[in-house]
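Chain naming follows the written order as A, B, C and D, and within any one chain the residues start at number 1.
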């Protein structure tokens, strides 16, 4: 009865990530990062984006290096296993990028406020820190009941959330599992949700376990089928983290020149998501696939 | 005595900060290895909490480099939202957390956001991640970092993770509900804080390090505990266990 | 390595629900209501309780009728399919009970504040209503960013949450599925969590699906094995709602006299949870058991 | 014309309030049946949201008496927390909701908490449940209730679920972000609200009901729409479908 939302990733990005959008991504922090969607944004040469997320590993650094980004609202931007993100550093140090500093909790609460339809949320973090100096979405308030000093975090309502999941149907119903980070609240907060999925499955496979749905289908605008769509980040049930790719990226981003070569090879040279797998190579994919399985016990939703 | 490097010594010191049965907000790198070492030795009932939304009481079944690595999710005790585990932290249910830093001052204020060089040029660092939250909200937190003069400064350029601010009473005035740094583990020494003045003092000095070296690499007049000891060196058993958790010496390699 | 928290229900109630406790229950609203725990509280003659929950179907009415309750913080107290709760009405109308009126959202936000370690949460509901007249935990505030009028809801931190789940291990790790209501936040908010479980299972069955854990084991104080522990409320995977029991209860609670008979038969006459099943009878249980199964698709947490 | 009772007529009127594709916060009793009827007729793409944390686009596979009945969870589109579905409501993503009531006034303010009798004695009712939230936060809401003089009062004894308060501008002044009652479906008539004065007026009158009866059972001077019509009677097909959703006539029995 509903209509299909399944479209090629290029179409989804073209339609739902225009220039100037605010884009939430990296919402599970270190896992399930939507790297394929990020590459498509670079390929389409998007400009003036605001990137939103707690910790995106190197995704934000890539988009910043490609010139797509005007502003970042994040708790941490870099390379999780090597430290600094060099494109990010260069952009900030040359005043090419506005940064609003968050902590993981302030980002979680800003997105929770967005998800709940509220203009702010209170928290007890960040008090005494200099996050207040760069982030206009932080203020000190007094609790209306106890008088205690609290921090208030302004809601963040992204234009679009890029979310990678394990399996989805064509209507945007999906299952995600593992560490969920701020995925649930970011998906609910955003005006559009663009799903990339390892597998497209029949609706009944999703509806047989409705507690496994993290972002409900009615809030999803587009679904794209992108196997290995989070590589080099890990995806529970599918593949491990490709640590070598993150180590390599450190060297591939040290200067604008080497980054341009990285971009040519891994982004511009890859017209279709399938081509990326060819570039990656079967041997590398084999090494990343799960070696030990760990299946859940089914549960019964009968009546 | 077995050979070891500064990273291994710091991991052992970090492990000693964890008591059995405590809830530990783990973090990355050396603290992660310190937590695993504590679990394998004196604190088998310690529970690990990770900001991705992970709680686990058992050691991961394979070595991990990041908290999001799949072995860290396998057979976890709880996989939830970041907000859920941050709720544990904010409601005072996390006993101890670990934070790294680029700059620290005598009151344990920590900077991982922006460092201003001698010439006035600013270097941008990755930022807080969860560090600010841990420094604000854990019952106590432990700082782990390299000991260099440019890092141990009279005043940090940006407070990413609040310590004791300007001294006694500052956290209360700012509205922080509890906590503060309990210790600072560096490549040269372990510091603890004198509660009367909220300033760090040398509690133990690593084998082979002189007080003079410590003073020369610290940007303020150093206070030394009257009960100062030598930091215990790692035992062979501890080193073997660290090697099991970091088999490729990714975090404990030559760089130290 | 951890120590077992498995105890008989009577011991759990004796230890964790003393006179004067504030007790959260009915946290999934109409499903998985901890009726067995409620009966044990009546059996032990607890006094001066504060009951907390959004909609508890007839559980709160029973506890009020048994004289256990001094105060109620709830959105709705009655019999879901027949309307009024007669013990509740009698108690309020004779001034024997203090009621703080909530809505479902205000209760959800009060417990979320408790779960998050915050003294309050904002919301946009209740404005213009008379809930403010009975509930001192509601105040009007201005948003610190937008200036909009909002309602602030004070945190609720129950002394104990009574939570019924499908399966738990002896350490308090558990799986719950179905409609979850405010279970997650209430469990996290409460000082103690008392679990009753349809099944006690090995730890590895729980840890094979850690996303299915709603309240983490480290927050659980006691686990009791109580099959049919939510009857007559439904439990997904186990049994349907016993509508007739709720219809019967309407008549069994119309006057203090008939309620005393109900209590004698269904509470005081039932020393052990097992005895309740005998009273219920195999035929009735058979009619309530699931007729149609609906199993979830497993997911893989391998590496 | 097939025989029907007031409940069945009200269910049909409720169904007509739902447009295809809308997100509907369903509630219990007659509104639940109205939603199911709408799904089975003109609004197959309507999505149901239930305050227990349930979202479902498909009709439950077996009749249900409460929203927590297991068939309502089977193959749902989403089973989440109450706070999650309340977030949909609070952020304006719910088009229409349904609320029952014990007392209503001309501005659509609704009381389900506490009624004061003629002698001054108060009767305690169950309270809000989610009704207050729906009245505050849905894009529009529909009130369904029995039409009796003691229920249609000049002023309700307690505002459980805000309507238009004291008239135009009141909701805005109170801080309510949107919404307000769109219609009132009673055992005698359907009312709609004149936006200029926020007061309900008779939009359609049920077959066999006189304006005089309506006036005598309404506690304020009744306003009547210039375009008043007769409420359409249920068709045989509609009655058959209602019978399928309520096979034991639990909600549509003789009591009506």
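Please note the rule applied: a residue touches a chain if its C-beta (ideal position, glycine included) is under 8 Å from a C-beta of that chain, and two chains touch if they have at least 3 such contacts.
On a predicted model such as this, the values are computed, not experimentally measured, just so you know.
**Student:** Taking each chain's centre as the mean of its Cα atoms, which chain lies farthest from chain C?
**Tutor:** Taking each chain's C-alpha mean as its centre, the farthest from chain C is B.
**Student:** List the centre-to-centre spacing of chain A and chain B in whole Å, with centres computed as mean CA coordinates.
**Tutor:** For chain A versus chain B, the centre distance works out to 28 Å.
**Student:** Please compute the C-alpha centroid of chain A, do the same for chain D, then give the distance between them in whole Å.
**Tutor:** 40
**Student:** Residues of chain B touching 2+ other chains?
**Tutor:** Those would be 61-62, 69-70, 73-75, 79-80, 83, 86, 89-90, 137, 177.
**Student:** At which residue positions does chain C touch at least two other chains?
**Tutor:** 116-118, 123-124, 148, 150, 177-178, 180, 184, 208, 211, 236, 240, 290, 292, 294, 301-303
**Student:** Pairs of chains that touch, anyone?
**Tutor:** A-B, A-C, A-D, B-C, C-D
**Student:** Which bits of chain C are touching chain A when the two form their complex?
**Tutor:** 116-124, 137, 139, 141, 143-146, 148, 150, 152, 154, 166, 175, 177-178, 180, 205, 208-209, 211-212, 236-237, 240, 290-303
**Student:** Provide the residue numbers of chain A that touch chain D in the complex, in ascending order.
**Tutor:** 1-2, 114-118, 173, 184, 188, 204, 207-208, 210-211, 213, 216-219, 301-303
**Student:** Show me the residue ranges of chain B that touch chain A in the complex, using the header's touch definition.
**Tutor:** Result: residues 28, 50-54, 61-62, 65-70, 73-75, 79-83, 86, 89-90, 113, 121-133, 136-137, 158-162, 165, 170-171, 174-177, 250 of chain B touch chain A.
**Student:** Which residues of chain B touch chain C in their complex?
**Tutor:** Residue positions touching the partner: 23, 44-45, 47, 55, 57-58, 61-62, 69-71, 73-80, 83-84, 86-93, 137, 177.
**Student:** Within the complex, which stretch of chain A touches chain B?
**Tutor:** Going by the criterion above, the answer is residues 28-31, 54-55, 74-78, 80-81, 83-85, 88-89, 92-93, 99, 101-106, 108-109, 112, 123-131, 133, 140, 148-151, 177-185, 233-234, 236, 240-241, 243, 290, 292, 294.
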